[in-house]
Structures are given as C-alpha cells and as structure tokens.
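The structures come next, written out as structure tokens.
Look at the two complexes coming up: chain A is in both, with chain B in one and chain C in the other.
Let's look at the complex of A and B:
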C-alpha cells in the first residue's frame, strides 16, 4: 500500500524550479493520503444519503414513477400541472404562508425583548435563559401532546382559565376557525428560545460604550432600545428571520400531532403534510417530488432574498 | 433607588415569561400523576389530592413505552458515536491538510447543510427500500422491503450531519500549527497527530456536537415515522403519537408517556447548558 511514487506533476517540473527536498514531498503525499482516508467515509455517506436523493427528487418530479410496477417514464411538467389543479395542495400553500406570517414575527418580537432584558447583570440570569430555551430542546411530538391536553375543550386548562374570566372557550383543535391559531400558539411558544439565544449572542458583541452618549443625554430605556439596540441588531434580525422562515415553511411535527389528517375541514393542512400524505400513504412518489420542489423553490427564493438583503454583513462574520 | 425598582420590574417581567414557558411542563408532570377521577374533573384539579405513581407502570403496559424508550436511546447513542467519529475525521482533513479540491469539497458540504429535509426525504425512503440483498430484495433491490423496518434504516441514514463536519472544521482551524509541527518532527503520522494531539484540544466542540446530535436524534419524528411499522422498532416519539391516536382519552397515561419522552432531554440540558448554548449560538451566528 505504501508505494510512494512522487506525484506526476513533480516529475515533470521544469528545470530551475527548486523542487522541495524528497522527505518533505513524501510527507506531503502521506498527509494527503491520510486526509483522503479520513474524508472518504463522510463523503460516501453524504453522497449516498444527500447528494443522490436531491438529484433524484429533481429527476423524479418530471417523471411518472410507479412504485408497485417499478416503471418510470418521462412526463415533463405534468406533475406540476396536476398538483396545482389540486385544491388541497393550493390550500396547503396558503396555510403554510399564513402559519409563517404569524409565527415568525411574533416569536421574533418576543425573543428580541427577552434577549435585551436578559442582557443585563441579573441574578438567576442563567435560569431565566434555561426556562425560555427549554421548549426548543424538548421533543415537539411530546410537547404537542401536552398542548393538546391543555387545549382539550371540556376539562382542559385553557378553557378553564377562560371560563374563570367569564369567556366560553372554543373547541380549539377541532374547530376550523381556531385550529390554526392553536398550532401557531404552540409554535411561537416553542420558537422563542432559539431566536432569543441568537439575539443574546449578537447583543453580547455590542460594546457597552455604545450607550454612553445616550446615557449622558438621559435617554429612556425604550428609547435606547429603539434608537440604538434595534438598529445594531439588524444583521442578527435578518439572520433570525431567514432561519425561522425556512424552519416555519417546513413545519410538520406539531401539525401532524395537534391536528391529525390536515385538521378539521383541512384547516391546518400545510405543504409538508401534503408531501407526507402523497408520498407515504398514497405512494404517488413523482407527485410528492414535484410538491417538494415547489417547497424547495419557496425556500430558495427566501434564502436568495435574505442574501441580497444582508449582503456583506454575512461574509464579514 | 431607581436601579433597584427597575431590577424588580425586570425580575417580574422575566419571571412571568419564564412561568409561561414552564407551565406546560409542570402541567404535564402533574397530569401524569392524577387519578382517573381527578383528570376528568371540571374545573381541573390544580394539585392532586392523591399522587397516582402507578400511572407509569400502567401506561407501560398499555403500550411498550419501555421498548420505545430503549430504541430511542440506542439510536441516539448510535448517531452520536458515529457522527463524532466520521465528522471529526472529515473536519480535521478539511481544516489541517492542504490538498487539491479541498475548497470544492468544503463548499459542497456547506451546500448539503442547506438542503431542506423535504427535498431529499422521498428518494431517501426509496433508497432504503431498494437496498440490495436486504429484507428479501434481490441484487437490484427489487422484491422486498430492503432496509425498511430495520435497525439499519433507523441508524445509518441519519448518522452523519454536515453541520457536525462544519463545526469540527471551524474548531480544528483555530488550533495553532506549532503543536502539529512538533509532533511531526517527533515522527508522528497524520492519524496519530489527529487522534492524540489535535482531537483532545477540541473537547468543547465534541461536547457541543455530541449534545446537539443526541438531542436531534432523540426528538426526531418524521424519518422513524415513515420507515418503521413494527411496534418493537418504534422510537418513543412515534410510539407516543401512535398511542395518542388509539387511546385518545387516556390523558394521564399520555402525559406519563410525554414525561418519559421529555424528561431525559430536560435533565441533560440542565446539566450541560453551557455546551448547548455555545453550540446553538455558534450554529446561529456561524
């Protein structure tokens, strides 16, 4: 295995260029060989489980692939005309957009306020941070079940609290008018932690001197927040925004658990749920791939827009 | 004086927020210990008069939560070990050894990091199903179930994350070259330098990547949902969801199951907060 033939390029090196001493050249070869050996398992894995599947999604979306018969034929854009003729799919796009539109800004607004409040010398600061971050690290499925129990219309915690205030709570998850709102509440609650953490990290890079002038002028805390902190957090805000949008467009777990089968009267069916249903309960593989490409297009556009908006900020980091 | 008042206000606001975040967890644990009568009582009983610990063994006899728990644990540990092994090696090679094509490979890995789950999951399923020679398949991967409903499919596809490679590359990149050169003069080979000199220096990265990998694996739902149907191969998240769809009203047992599915992560998090926070902040800001 260890035949150390010098690289071909070195043999044909033009005269006059000082070739490195043999020992170093051999060392370089051995290092490169070691590097490739270390990389190979990872490269095989990524190619096999990410590279090939991504290409396959693009190919399958333009074919008709019959899983049972094992036949495949080219159909051009037929899958796309088919899915956009499907009302449920179009509805799921709308729901995904609505879900994202409410979840992301609300969670971001809460997160930035919490982060600013936490970015002070405070006793029990780590405990507060842990409390806000806890929902992020616990399993969505398990925690969605807990919310389901709290949303229970008859003996659930929510409607009990509402009735104390003299209100008659709705049936939440089984009411088409409230199901999506309930899902959004859970997602906001779960989404605050990560956004807060990213904001906190960004806040810690703002030097305290920045506020000195404002302190001398006697600016109030809200004023400082609006005029100094928020503008300085712009790059972080864009970053959080994009990551959260991409995340929100792919929401699945809580929707699947809280409102099975797309919810009451399809009130909460989202793009990912439609893809799941098409691929894994109806086994219409090609249709599902076309649907995932539509989702991919949304995410791509969001990413590109964000790149444009953040511009150089992103490279600087 | 003004400072003290604002501190109190701060504690009040943050405290109220923290309580809202914690309430579902507390309610989950309380509900898991309520008797049948108290869990269906209206208005809800805030503090049970009797604590029914037998809900846990009872829930476990309703559905094999013990098996689910063990499966999740095995898979999460498997993912963590494999991810650490492969990603440290790849990250080291990308960071410390100059070779042709290194930049291209690194860019490609960055690209795989940005691929959304749904752009790859359908073919991933087909690849698993068409794995030759497994599950009754012939050499072309036809005729059987391949890797579906097996430990292979639960462990292998999710065992390496591009994010881990990226993290390790960044950490190895930040190490000084002197150590490496000294080791090389001592006649150490590249693998020895990797294993004995450099990797012990990236312990914080190892802790962070291990925790995030474990957490993602433990909480993963979609992949195990689509590739397993056998009850004895279910992970706890899938088992819970399935249990809910069958026993819609057994709330005490459901909350016991949810507690089993969340408490390990909560405990792990509280003890290792530092690494988690570091990891997510790094992942967030790059």
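Let's look at the complex of A and C:
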C-alpha cells in the first residue's frame, strides 16, 4: 500500500484554512467520479441481488406472508416460536451439526495427509493431484448418482464386496442408522480435493531449510510432521476450517440427491433442506425466512469466532 | 453536521431498501382481476407449465399438439415450461411470488382447492353438470371449488394391486387377495430369501410413493383422510389399521425389507423383474412391462386387484388444466386448456404416460382396448378415492412419508406416527 505525503505547505497551514489548489481539487473530484463510476455497477448488483433479498428475508421472517394470496401481516416472533416447536426443524439442526462435526475434521485430516504425501517427490505427482481434485470440480449431482449406485442394497458395489465376505450389507441410504453416515462419506470424499490443494499451497511455502535443520538434528519423519509441518500450516488450517464449516452448514445437493425428502424417517434432513421444503413444497415463505435467519445466526457466530481467531493470528504477525 | 447528514443518508438508504423489500414481498402473488381479452378472440403469447409430457418423447408429443393448436388459434403463441410433479410446486411458488404466474398450469387432483381458495386460479365459467356428461365425474369434481369450475380434467392416474400369475401358480395360488389377511398370507408364502437375503418380495409396498400406498389401504379399511367438514380423520382406527398392515408386512411378516426398492429406483420395478410377486403400483407400470418384459404380457402373467378389506379401494389422481387469475390473455389460456382436455390432445397425453383418459368418449378408444391396466382402472372407478380436499393439503401431504417411514422402521407405533401427523395437519389447517 502506498502512502502519499502531503505537501509541506499544507502541513504548515492552520487547520481548516488551507484550500487545495483548483487543479488538485478538480483532480480529486475526477478521481472520486471515476471511483463511483467503477463502483456503481457492483453497488447496484450488490444492492439489488443481495441487499434487497437479505433485507426482505429479515422483514418477512417477522410477518405472515401468504405467497398464494399475496397478503402480508406482522406477526412478531411467531414464526420463530413455531419453528422451534417443530420437531423436524430441531432434528435438522442436530443433523446439520452432526454432519459438520464429522465432515469437517475428517476431511481436513485426510486432506493434510494427502497434501503432505503429494508434496514429496512422487512419480506422476501431477496426476495424483488432479485425481484428488477432480471430485471438487465434478457436479455434485453426478457424483451423488454414482455413489447412489454404489450404495444400492441389491446390486451396489459395497454390498457386493460385503457379500464376498459372507455379509449381508444394509440398505445404506434407506436405513436411518446408515443414511447420514453414507452422506458424510460422500461429502468427505468430495471435499478432500479443495482442502488438499490449499494445504499443498501452504506446504510449498514452508522454507526447506527448516526441514534440513530438523534432519541435521536427527528428527524422524513423524516428528518433523508434528513439530514443523502442522504448526506452520496453522494459518491454512484456520482458513480451511472456516470455509469448510460454512460449507458444511450449507450442505444441500448431496443430501437432496442421495436421500430425497429428508431421508428415511427424516434421518438426513438438514437445515437447508427444511428451508427449501418449507418455502417450495409447503408455500410457507415467512417460516422459511425465519429458518434462514436461524441458519444465518449459526454462520454469523461461526464467522465471528473464526474471525477472532484469525485476527489474533494476524496481530501476532 | 457531517455526521448528521451521514446518518440521514444511511436511514434513507435503509428505509428505501426496507420499503423495496416489503413492496417486493407484498406486490407478489395474489389474485388479480381478469385481464383484457377474457371474452374476446383468443390471442397473445401465453406460458404453459406442464408436469406431464416429460422427456424427449413427451416434448415431441406436446410440440405436435401445440402445432395443431396453432392452426386452430393462429394468433396465440405458447411458451412451454416442462417440469415434473416433483418440481411443480417449486415452479409455481417462484412464478406466483415473482408476480408473473404461468397463464396455463397443469396440476394434480388435490391441488385445486388450495390454489382456488387463495384466488390464484381463474373461474373457467364452465358448467359442472355439462362437464360431468362429457368427462368422468371422478375428475370433474376435484376441479370444482365452492361451486365454480377452476380446472378441466385431462387424464386420470390410479394405484392398485398387481400380481404375477406365474409366481402365484408356482406357489399353488390362483386367485388374487380379497382382504388384508389374504394379502399378508399370500405375501408370506410368496416371499423368497437366500441366505437371509431377500431375493423376492411377497408383497412390494415400497415401489410406489408411500403416501399413495397408505391411502388406498386407509380407504380399503373403511377410513377417510378428512371428515366432510374438513377435520383430520386419517388417524382413526381404520387409518391405524392400514398403517399397522404396512408395518406388519415389513417388520412382522418380513415379506419386504425396508430399502429393498424405492419409487423410480434405477434398478427398475421388482415385480417386472420377478423380484416381487405382488405390488401396489401406478397404472403406468404397464408401460414399464411393455418396454422391458413384453413376454409377461404375451403370456398373460400379469394380473390386477383392487386393494380391499372392508371395501375395495383404488387411489385415483389426475392431471387438470387451470388458468391463472392474473393471465393477461385469459381467452387464449382458456382455449388452450379446453384444447388439452379435448379428445385428440388428451388421448396423446394418456398414450405417452400410460394413463387413463378422463373423457368418456375415449373409453372405447383403441388405446384403452390395448391397455389392460387402464381397462382395469376404468372398470374400478366406482371404488376410486382421491387425496386432498382441504386448502392446507399441499402443506400436509409432504409430511406423510416421514410419518409412515417412522412406523415401518419401528421407531414409532402406527398410532403414534399418525397422531403426530394429525397434530401437524391440524396446525396447518388452523394456520389457513
């Protein structure tokens, strides 16, 4: 960032009396105008497509908006009282937390191990990296359809393998005891690629001299990993953690495709699916807005916590 | 002074945005007076939303029909939005909320009261009695709300029992089941397991939508969805008995394992593949048999039966054509609805979906004569019952699946599952 020093005359002038010369004033005006001109499209876009819907969501959450009749009335906190009395919504919050709890740390742990392995001098390293990244850029629906086949209880891959060992596999996606686990497995598999890429970039910024010094001191590979690699990956870990948490709270596609209608006896229903169902299947837009605000509150808290953590990290630097 | 100006500006911006949000919300949807051209010559561009005419074949069929419609109404252009019944409510919500609903909307039985009650649909100005003389009464009535006709019927769809005569013969059975006890007995006899793994379900109740399997059982057991004055009735002893029957099939008799199949499973319909001896299914399963196992038809191996216990029952839905109350070209929209409900278009739609024609004139068509499933459905319409009937139905119906599943999985008793569902439904109806 460049800081321009003010001219000496301006520094010596009494406050409030020094007017900039006309040419500078004009230049400042032109710069401001140019800035506004460049900012205006983005501002219009942000206001219209993000600002207004967000504001409308906040307003509608406190109203009864009948989308079919086109009527609206103020109901205060009734929508919130209603959703927290709804067993299915509360279940969806629990499922979202469980999903996040298992998806984020597991995927991060696997991603860091893979990143470390792919950071070594490995043959066909670029191919492996591409292969691990591929699920991230593949359409979730396509991925989910392939996994659906693998989970299929009669002709699916998993139960075929289990039957070779004489075991009868479960109906993975139809059994409430296994459905969420199946969704988590798919999400972990899909989420590894991006996390691995971020870790890989972070690993490549670790100075090799650190490892050379550790080698000279006779540090073993696990010791180098725990004492050098992991601590130096801390900023990347924070970033991956925050992004993954927010992503996990917003999970929809794979749950929707793998276990339609919230899964067996609502075993996999998550907050985003309930919001979708309330708005588009039940035509209860205001209730869906209240649910969206609850999701927003979760994400806000997570973001503030992470911001504080990463903020401290920035301060330390 | 500067800070005050800044505060005013922020307030102004926030106020404007707030106003915009409320205006956007309140300006959406809702009834509107009929637009110009209601009684005039049909003209203009109209938008059609259709959950039927799916896939390439369906699209080809509709394009052909619309080409003929264009010849009859040269001043009318039709823009089509294809969807499925699964996505229909989503499309309708967004179009209504945006203030630009489709001019013509095809929707199911049970959908009309919720939309008509909120003023979304236009009164078609048809005479109910005259319609009943041309169409099957079973699909005329669902299009009528408070004495006004809001929808014209295009086709019916039904759910009833299918059985494999060859598998029955192997097991020494000849006649189809006549009540719940016989259904369970036969289901047990016809179930086949190898090493504990189910290879043939005696009775498949999972290949069909669970709600649409439960409902014919409820009706067959003497129950009703709602009382005539619109109160919840499906958690009556008859309803609990129906769900108990389904639970017994899965948990007690083990004639089918939960997860063995699902509606629209990529692995196909078990009965067609010989992996099920009986099933509750849609009349269009016949198309699947024609396509994938024509020998079963040739050898006469497929039989049908109405679900019966205290009375015979068959689930009956249908597709109806409606016009938006906000349509700017109501005459053109109504003309399209009348055209789609008329014989040529309705027959083409039925052929494409394997469904039952709503027009009485089509009862003797070659299509009906060549389709035994359709013939069976038409022959049993006296025992047909339809879902819906209350304005909150669209809000209630989605909760059936989870409630039924919780009973089938043994997580709740049928009584608990239905009582909880009834409480939810009562709340939804109270919300209005």
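Going forward, the second predicted complex is superposed on the first by the 269 of 317 C-alpha atoms of A that agree within 3 Å, B and C clash if a C-alpha of one lies under 4 Å from a C-alpha of the other, contacts with A are read in each partner's own complex, and residues count from 1 in each chain.
The definition used in the following text is that a residue touches a chain if its C-beta (ideal position, glycine included) is under 8 Å from a C-beta of that chain, and two chains touch if they have at least 3 such contacts.
Everything numeric here is computed off the predicted structure, so don't read it as measured data.
Colleague: Taking chain A as the common reference for superposition, should the pair chain B and chain C be classed as clashing or as fitting?
Modeller: clash
Colleague: Let me test your reading of the model: by the given contact rule, A:183 touches which partner, first (chain B), second (chain C), both or neither?
Modeller: In the superposed model, A:183 contacts neither chain B nor chain C.
Colleague: Considering only the touch criterion stated at the top, classify A:52 as touching first (chain B), second (chain C), both, or neither.
Modeller: both
Colleague: Thinking of the overlay built on chain A, is A:66 touched by chain B (first), by chain C (second), by both, or by neither?
Modeller: Second partner only.
Colleague: Touch test for A:280: chain B only (first), chain C only (second), both, or neither?
Modeller: Touch partners of A:280: chain B and chain C.
Colleague: Name the chain, either chain B or chain C, that contacts more residues of chain A.
Modeller: Here the partner covering more residues of chain A is B.
Colleague: Figure out whether A:152 sits in contact with chain B (first) or chain C (second), or with both, or with neither.
Modeller: In the superposition, A:152 contacts both chain B and chain C.
Colleague: Tell me the contact category for A:107 with respect to chain B and chain C: first, second, both or neither.
Modeller: Touch status of A:107: no partner.
Colleague: With both complexes overlaid on chain A, does A:299 touch chain B (first), chain C (second), both or neither?
Modeller: first
Colleague: Contacts for A:251 in the overlay, against chain B (first) and chain C (second): which applies, first, second, both or neither?
Modeller: Neither partner.
Colleague: Of the listed segments of chain C (91-99, 271-279 or 289-297), which one clashes with chain B in the superposed model?
Modeller: After superposing on chain A, the stretch of chain C hitting chain B is 91-99.
Colleague: Identify the overlap between the chain B-contacting and the chain C-contacting residues of chain A.
Modeller: After superposing on chain A, chain A residues 51-53, 56, 60, 67, 70, 148-149, 152, 154-155, 163, 279-280, 285 contact both chain B and chain C.
Colleague: Tell me, which parts of chain A touch chain B in their complex?
Modeller: 27, 30-32, 34-36, 38-39, 41-43, 45-46, 48-54, 56-57, 60, 67, 70, 114, 117-118, 120, 122, 124, 126-143, 145-150, 152, 154-157, 160, 163-164, 189, 192-194, 197-198, 200-202, 221, 236, 239-240, 243, 246, 250, 252-253, 256-257, 260, 271-272, 275-276, 279-280, 285, 288-289, 292-293, 295-296, 299, 303, 317
Colleague: Which residues of chain C touch chain A once you look at their complex with the stated criterion?
Modeller: Those residues of chain C that touch chain A are 17-18, 20-22, 24-31, 89-90, 93-94, 96-97, 114-115, 118-120, 195-197, 257-260, 262, 266-267, 275, 394-395, 398, 401-402, 405-406, 409, 411, 420, 428.
Colleague: Inside the complex, what are the residues of chain A that reach chain C?
Modeller: 47, 51-53, 55-56, 58-60, 63, 65-72, 87-88, 148-149, 152-155, 163, 168, 170-176, 261-262, 264-266, 277, 279-285
Colleague: Across the complex, what residues on chain B touch chain A?
Modeller: These residues of chain B touch chain A: 6-7, 10-11, 13-15, 17-18, 20-22, 24-25, 27-28, 31, 39-44, 86-87, 89-90, 92-94, 97, 99, 105, 108-109, 112, 114-127, 142, 156-157, 159-160, 162, 165, 184, 189-191, 194, 215, 218-219, 221-222, 226, 236-238, 240-241, 244-245, 251, 254-255, 257-258, 261-262, 265-266, 269-270, 273, 276-277, 280-281, 284-286.
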